[in-house]
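Note that subunit A is present in both complexes that follow, paired respectively with subunit B and with subunit C.
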Partner chain A sequence: MSELSKNQLLDAYRMMRTIRDFEVRVHDEFAKGGIPGFVHLYAGEEASATGICMHLNDEDRIASTHRGHGHCIAKGVDVMGMMAEIYGKETGTCKGKGGSMHIADLDRGMLGANGIVGGGPPLICGVGLAHKMRGTDGVGIAFFGDGASNQGTTLEAMNLATVWNLPCIFVVENNGYAETTSSEWSVSCDSYADRAAGFGMPGTTCDGHDFFAVHETAGEAIKRARSGGGPSFIEVKLNRYYGHFEGDSQTYRGDNEVEKIKAEKDCLMLFRKRVTEANLLDASEMDAIDKEVAELIDESVKKAEAAAEPSVDTLLTDVYVSY
Partner chain B sequence: MRTANKNKSIGIVANPYSSRDIRRLISSATSIQTVERANIVERIIVSVANFGLDRVYMMPDKGGISSHLLRNLKTQQRLKDVDLPEIEFLDIPITSTAEDSENAAKLLFEKSVDAVLILGGDGTHRVVAKEIGDIPMASISTGTNNAFPRFYEATLIGMAIGLYINGIVPAEEILHKNKTIHVRLNDDVDEIALVDVAITNDQWVGARALWQMENLKELYLTFCEPSAIGMSSIGGLLKPVSRSQQNGLKVTTAAPDNCEQSVNCPIAPGLFEEVGIVSSDILEVDEPCKIETQYGVIAFDGEREIEFKKQDDVVIELKNDGPVTIDINKAIEIAVKQGSFVKKKDKFLNQENTDVVYQGSKTNEKVVSV
Partner chain C sequence: MARKITYQQAVNEALDQEMARDPSVIVMGEDVVGGQGSPGEMDAWGGVLGVTKGLYAKHGDRIMDTPITESGYIGAAVGAATCGMRPVAELMFIDFMGVCLDQIFNQAGKFKYMFGGKAETPVVIRAMYGAGFRAAAQHSQCLYSVFTHFPGIKVVLPSTPYDVKGLLIQSIRDNDPVMFLEHKMLYTLEGEVPEEPYTIPFGEANLVREGGDVTIVGFGRMVHLAAEVADKLAKEGISCDVIDPRTTSPLDEETILESIENTGRLVVVDESNPRCSMASDIAELAATKAFSSLKAAIQTVTAPHVPTPFAASLEDAYIPSVDHIEAAVRKALK
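Up next is the complex of A and B:
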């Protein structure tokens, strides 16, 4: 579709702004030493999660990566619970016992951020099979990075999804670096679309800095999957603003690489420019959203800091699933 | 028939990113793999070199074509055994956008290469055509609709280029000047299309490709052949205009239910859409006209490019200032008629004693010694 209502445009802006402000705040708080463990931030990549997840409902499932905060927010996971989880507090989405890389909310169709590189794609084959067997029109979407695109699990999942014609979409968020290894060096074929074609799956590429390009491309892939058309592959070309992890000195990046991207291709800036030039939204409406989101993130940090850590007697609960 | 010719050079602009867009999802559009694109470049170089070629200037890329070519040149015996020209990669920054094709074309123009080969779709051709002046170009179609380039096997294209740059066939018989459509936006922007300019009321450029015909409002065509797909098929199946005709076509469209006539067109590979026709008129050369649609997106050669609003002034003009292309078929046909491909062995035996007459399965042969 190439038309979005005013409310949809406002929702898209709110979602991207929430992801951005959340990640920037986590970056700041991590530097102060208040957050345990590791965090991997999604700032710069907002248009991908937003453009894709805006098409989804709670019956659709997504599988994510170690860089999962953006996918969580885009899929509707509660921001308060997310921040508390990152702080390791008992009010967190996973009771403070999973941390940044394991935030999940099955009720919202978020199968979880995932510390295993390439762990997501096989999961959504299960999602696709479940929907197919039940006769429902839900889809499974796996987000993974350029590094994970080389993992056996990803390639096996693509093969299985094609031979079983599953309603799955494989989304590679190609930010150019697998940790510190350039994807130009490490991905054979140099084209993800070519790799998808090798499995008999249509593959497309879109600009991950442009919300509208992502939204339109994802819309067609999801529509195709829902109608029984089978799996497809989308390469979203984008850039992360921070390092692979917080603390990464990023010596592998070019001089002023991030500054240049922020100045020319920032997805929030491009979105704002487009909708105001086309008189689709007022700047004041987006300013109001900026203010609301800033207050939301502020509150989430205050609540997370004030919450208690999980008590020792919950150490062995939630380890096994009981049916 | 190698001709020693040390001053001949060609440029190659090979786009690794064409045919990867949303049309893979909404139609049966094909995609040529990167490895095959590199193979095509190889075939071209070997074919042109067969006639005489000193240097190839290649556009560098990070999409795999350059790296495959370099790897094959170093490792494949079939290429080591051939007398190849020097291959030089142009000194331009690689942005992995259309800017690379544009910068490469500018540099090829400065270097005054003898011909330019383009591997890409209509969009790549458009970008290069703007910059290379009257340097003749030849095309390999690796895009989606490929309305501008004609389909030929790469080896044949290489042959035609080789024949042309070495002066084996007369240039005036095989070169053709093409039409363009200029689009001026508020006198700031002046872009061209080689085949079609579509005015739609889409809200944004988005995924760029055009396939939702309900949004199409106006279409301006430099030519429209019946045997073509893409936007030009709307005109080609209604009122064909050839590449050599000195006019174009303007078509105004609307929802088929609101029109007295409509055309069922292949707007993408394997994708037919019914397009309602409000009117179709001849587009005259050098006669500018304003578009009627008040806001939306302007698409060039099948790709949405520029968003415009009510206050913007958008003017369309058909012109005869397009790129020069090589007629592949004609070049080879003329060369055949000239006998350019036939090499006769020298007669080394005495004429009286060397008659050999082939009579079916019998020969009347007088054997002589030399």
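Up next is the complex of A and C:
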């Protein structure tokens, strides 16, 4: 904890707060009927994206999942563009053509949220391969869930990254549920780190409610990858607050399960507690950030609502570079 | 007169020349070197039919054997392409598309559109296709119509050594995902191929024979059978346009339609199974855009709706033959 500067701590808090407020607002607007299609919200999991992506620059690339807003924001994708994209407007990051499940910004090293479970890991092997062949020290990080951890593509990618010694990090964000099915039911191992060992890959587990634990664990893995030490696997144990998708009433979860988690383990609450008790940040500094973020999210919604949908002229464009 | 090399050698030469020219071109696939990690000979195979032999000696680590994990390494090729590499990944047999299709059609093919134009995915996926080897049901399919269906993917199927070299170089230099399909029965076909690198544009058909009585559109190896039929019928005074589209996506509609407007009679020869094939695609094109020119029903010559059989007698009955094609042309002329 002490190795992070004050500015870094403020950035971490701002990042998590931005993701949280973004997701809560999308939840509210979706419930009002203002957002088309499907959204899958990251609220509750902020420490994972933040703790990991804080180590990265634009040359590092990440691949995400259908639950991709948090990874996008943590990787530096513009919040205004993201909200507009979710609303399906022409000012969106993907010009309204991708939507929530396909938000990407290659300039920021964000290879996209992905509508295919397990779609990301092989792509990240490609990122690692490109860095390795060019002799650059960038890394690729594949975020995926407990559901995707069993997908053939994920397992193939883990093997490939190991045999080719690629600078890739495989991060399973284990929130305990693949849609409605618990990870206990579907995942054959108790510890994902053990599964990584089966591939000859170092694996660690960390508490995804604890920003500092995630940050430290990720730092080691990223350092290993950058220095040519090959791939790593990180299990981040965390919880999602909302359903698999918005509209999911979550009847498969235990009584008051989410309320309990919020009361005891909320990552923003735990962060605030730790930094104030250690006199690293003042509550007032974080309150100021809360206010700024609230304004930012508010503005993003106003702008998104006001923007136009893409013109039908753009229906047929951007399929190929040339045809 | 240009020297003659085989179709297979032309593929090798295209890869070699492009790898020499551009350090971002990398090649990967199962056994494309052959022997990596093994105690014996390196470059033991150079590909299961020797197509990539010799590239390891010249280009070293830029050609790599992969584990048998198509989703993993085809996906890696796609991911590397989004980072500006130009990977040429080999899917050994097109029949294996089932184990990696998502990375091709849902990822590579859709990035540019889904991401609002920002992505470029210059990946080439080479694959062998076609029957005639007695390789049976899971190693003999065509399947190019399936890839043609997907927006965002380009599909190339050259029929001659000259075309295969020019189109492969074009494919590697192209900035979109390309499925580059090589008929395994054409590997030993010899033809004149210039020594220097050259490209052939996509979406430009080759007119293999010229004539005013019937339009025959053929794909891949079927182009040669169609030409054989055209030559035979020429002796009877029947002349045919034989068109090799060379790429099914993009497709040279103009050449095909112009020919039909001239002849009024169309025969499509496609080695694929018939449903949702290039045969049905070209028939649809003619029926919708050249209907008033048609003087006879469109004829299609395809394999039957069965998996490719093993026994020689059955496989020979399965693959469209010159007799089938000739019968179809005569039917179109009635």
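General observations
Keep in mind that, in the parts below, the second predicted complex is superposed on the first by the 318 of 323 C-alpha atoms of A that agree within 3 Å, B and C clash if a C-alpha of one lies under 4 Å from a C-alpha of the other, contacts with A are read in each partner's own complex, and residues count from 1 in each chain.
Note that in this section a contact is a pair of C-beta atoms (placed from the backbone, for glycine too) under 8 Å apart; a residue touches a chain by one contact, two chains touch by 3 or more.
Note that the structure is a prediction, hence the values are computed from the model and not measured.
Partners subunit B and subunit C, brought together by superposition on subunit A, fit side by side with no clash. Within the superposed three-chain model, A:215 lies in touch with subunit B and out of touch with subunit C [touch as defined at top]. In the superposition on chain A, A:203 contacts subunit B only, with no contact to subunit C.
In the superposition on chain A, A:174 makes contact with neither subunit B nor subunit C. Touch counts on subunit A: comparing subunit C and subunit B, the chain ahead is C. In the superposed model, A:318 lies in contact with subunit C only, and not with subunit B. Contact with neither subunit B nor subunit C is seen for A:65 once the two complexes are overlaid on the shared chain. Centres of mass aside, this uses C-alpha centres: at subunit A, the angle toward subunit B and subunit C in the superposed model is 110 degrees, to the nearest 10.
By the touch criterion defined above, A:48 lies against neither subunit B nor subunit C after alignment on the C-alpha atoms of chain A. Taking every C-alpha atom of subunit B against every C-alpha atom of subunit C, the smallest gap after superposition is 24 Å. Annotation: subunit A has no residue touching subunit B in one complex and subunit C in the other.
Every residue of subunit C that touches subunit A in the complex is listed here, in rising order: 26, 61-62, 64, 66-67, 69, 71-85, 87, 99, 102-103, 106-107, 110-120, 151-152, 154, 174-176, 202-203, 250.
Those residues of subunit A that touch subunit C in the shared complex are 61, 63, 92-98, 102, 104-107, 111-112, 114-116, 119, 121-127, 129-131, 133, 140, 152-153, 156-157, 159-160, 163-164, 317-323.
Listing the residues of subunit A that touch subunit B in their complex gives 2-4, 184, 189-191, 193-194, 197, 202-206, 210, 212-213, 215-217, 220-221, 224, 232, 235, 274, 277-280. Remark: subunit B residues 16-17, 20-22, 24-26, 31, 33-35, 62-64, 67, 202-208, 212, 215, 295, 307, 309 touch subunit A in the complex.
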